[in-house]
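We call the chains A, B, C and D, going by the order they appear; numbering starts again at 1 in every chain.
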């Protein structure tokens, strides 16, 4: 009996562990068997190739990581030609993360990706500036998230995941907008916004200044967001933010996550996903319990 | 020559180090000489006494602290009778932090505090729910921050500091609202929102569930907010969030802080403020430089 | 209270779970009363961030002893301390046990709750009181010298909870005062029994602490006030409270 | 590339700043080419979070040597490693130096830039090349065996930068190939000189790394592409690049 089975909307997963977009690639098959993962999520792709931001792009802070990759990616065409085929050989559901700067662009990318059966679902990255709306990030405005999700939901029968940014006043309103518009599930959280400066020279450690903040340091913020969103929507949650071991994953399940992704920690330990799956398996076996019994079962609050 | 002099709006401070509201009290005079500090900020007080939130109220996460004190305080009257006199004997500017649930309540508290000469300024804590406006926190809506600040600015000639919450989509719009309405300076950041769950039992480590997240883990987020706000307003900034030593303080000055407050780290090292002042003094002496020369002088961004 | 650096004189392993840490602290050893505690950390080590509250186990002239149970990262780190290593301590903190004279006193402890009562017993005896001590724990490792011993698993002393011993002895003998320290659930049960027998009891409470000096209001405990309750600080108003004043279910 | 646990055989202190770490790694020692590196961390220690990229200094049968300079927390931690301690390593990573035969080869290094050229030199010699090595550093501590030595402060060898020696020797003698590793500013200057003398030069670059395997795009370096440029990864496309392709000012 498989105690780790879980569902992410339309997808039935053999276990609840996947990888966070942008922290994992084909090269990781040097370390782990991709067929052991619950799912695989690609690095975010855009319509055209992006060369990304000038370096330095990374800086480690106390128990966290700042990154400013700038969505470097080979573009839709490059992805379909060179990346997608490499994942087609695995049974594990493959979820493609993509982003755009207009709703039409998102829509166009989805239409193209729809042609490929090896894709099981989409993670829509809405943390990017919306050129149609004064450059305000898509993901910060519930109305735009609604409109975008509605459009994409009408174009696909595959799993449609909207990935939310935590850098907003009211993530619940945005989660609900996505749910109302037909999203099958939600992914959260994307990185916080952070910065770091060299005290000797006053130089920003990251060339672009403001960067994305991830890793163990953001876990409490992620748990809080997952708890609030899961308490207010019915669709499942793919959670991430600072997971470094199976105990962290359990924390997320209790908070309401149906699936958990590991990001930054893949850099620390490239076998972390597999180790997490093994340990969770052992945990639920020893408790004679199924994963699904604890999802959202946080207690002790009043 | 004093290389550490700085200004916070109307206040001339002999050095740029103060304490974050809620992390410091009269008892700290067992460890340090209050006259050595640049300023002292009180725990937030409210009109009526508050007994605070049920325990557990604290939990340490990896390099951060969750707290859920619930603004426990003796109320305005208790504060004036029992707390204020204890600070009156120090030369160091004493800043009173206060909060309310309606604009009238804020206004009433300020009017009463105005009677006491031993108070040098006010830090207005707007991270609390606004009962006039569906319980949405004051600090998340620029219009309400504008209205509140305008009202308070009309009632005092003392330093008026508005303390901002980082849990918003666009902190700059709120900072500008406070500036436009007559705030003399801004304090940031208050705590992030965080949560932590016991993986064994699923029990929230904090009874109220969602808590305030502080300490070294939030420093990159604080630096980012200080940088963005200081680049967009003209009034000075009292910065805080994860400062644990003098190098961290320098990072904040480069990001645009005029004064830096230490919060959580007072618990780790009760002499941290004094040690920071000494080390900054040594630093600027050895560089033959004044603090004010580096404020906002972050570089290397493009 | 002071914030000082002190040297470890000896770290005595009691068993796999418990150890005794002796420090040399002439500056403060004379100002300590039984029941008080220190907020301690290893000098120069800021992980974990927060200091750990540890009761005074014994004062011997200029030396202070802490009895510590390993339960997590902080206490595990302490267990590795060696002679001449340096602790950064704040204290003495909190209120202390009332020290009567010529009374019949009952001490009840569970597990590491043994620690604060050890110094108290010494003082009670030298103040001409009669002392009886009931101690309990999960298993043999949790058992230290006392008059009556209980373990959950029966591996030492009598099998069962200290509350059994408490009821038995109170039926036989009248005590003027009870002091109690242990897990919350145990102290709650003991406080019900003390009430039944109309015996005054003081408990030493624990709460998660940040400052340890009464400024952060982190270590709140619900204490009766008129018909309702308020929150007091374990670190400053406590750790010792009259068991009748504590709201155990809050 | 593999992710394996390996044991330290020896940690040799070279001076206060540099040390040599030898590991026993039969699984991968034979697949290493000069110029490649490993992403290393101490097994079980996750502070700092990220692994540290360290070049291969030398391969001796089943053993691999890393020459490391203490500059921050990560390298400081490595400096305390002892025999039988365990490293968690990923590698070998990255591309490697072209290995010519029967050529005149010039090596230029600055500080810890010495490390990757050391194994290269051994291979160049056994492949019948002539090798000349110019090495420079800030001070005596930064100086290791080479043909010409420079220090910023004049404490060893000639006072001044390696670029002086490079110009001098290129005026006197024709080289087929130059390999260079050191601080960015040094490599930039050297690449200008190599260009002036129309000599092909390869540099070994450094960038902050997270994954080390080409998936995170963190270690970007600007490389010429047609009339413009693109970002390549130091960890996978590099660390060795033709110096003419690198955009030094980006």
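The definition used in the following text is that a contact is a pair of C-beta atoms (placed from the backbone, for glycine too) under 8 Å apart; a residue touches a chain by one contact, two chains touch by 3 or more.
If you're wondering where the values come from, they're calculated on a predicted model, not measured in any experiment.
Without chain A, the contact network of the other chains breaks into the groups B, C | D.
With centres computed as the average of Cα coordinates, no chain lies farther from chain C than D.
Chain A and chain D have centres, each the mean of its CA atoms, that are 36 Å apart. Averaged C-alpha coordinates give centres for chain C and chain D that are 58 Å from one another.
Averaging Cα coordinates per chain places chain B and chain D 47 Å apart. In chain A, the positions touching at least two other chains are 54, 63-64, 216. Multi-chain contact residues of chain D (touching two or more other chains) are listed as 47.
Taken chain by chain, the contacts run in an open path, each chain touching the next and the two ends left apart. Which chains touch which is summed up as A-B, A-D, B-C.
Within the complex, the chain A residues that touch chain B are 54, 61-64, 66, 140, 167-170, 192-199, 201-204, 207-211, 213, 216-221, 223-224, 227-228, 247-248, 250-251, 254-255, 294, 297-302.
Chain contact summary for the complex, chain C toward chain B: residues 1-3, 41, 46-51, 88, 90, 207-222, 229-231, 236, 250. In the complex of the two chains, the chain A residues touching chain D come out as 22-28, 30-31, 43, 51-60, 63-65, 67, 69, 72, 215-216, 244, 264, 266-271.
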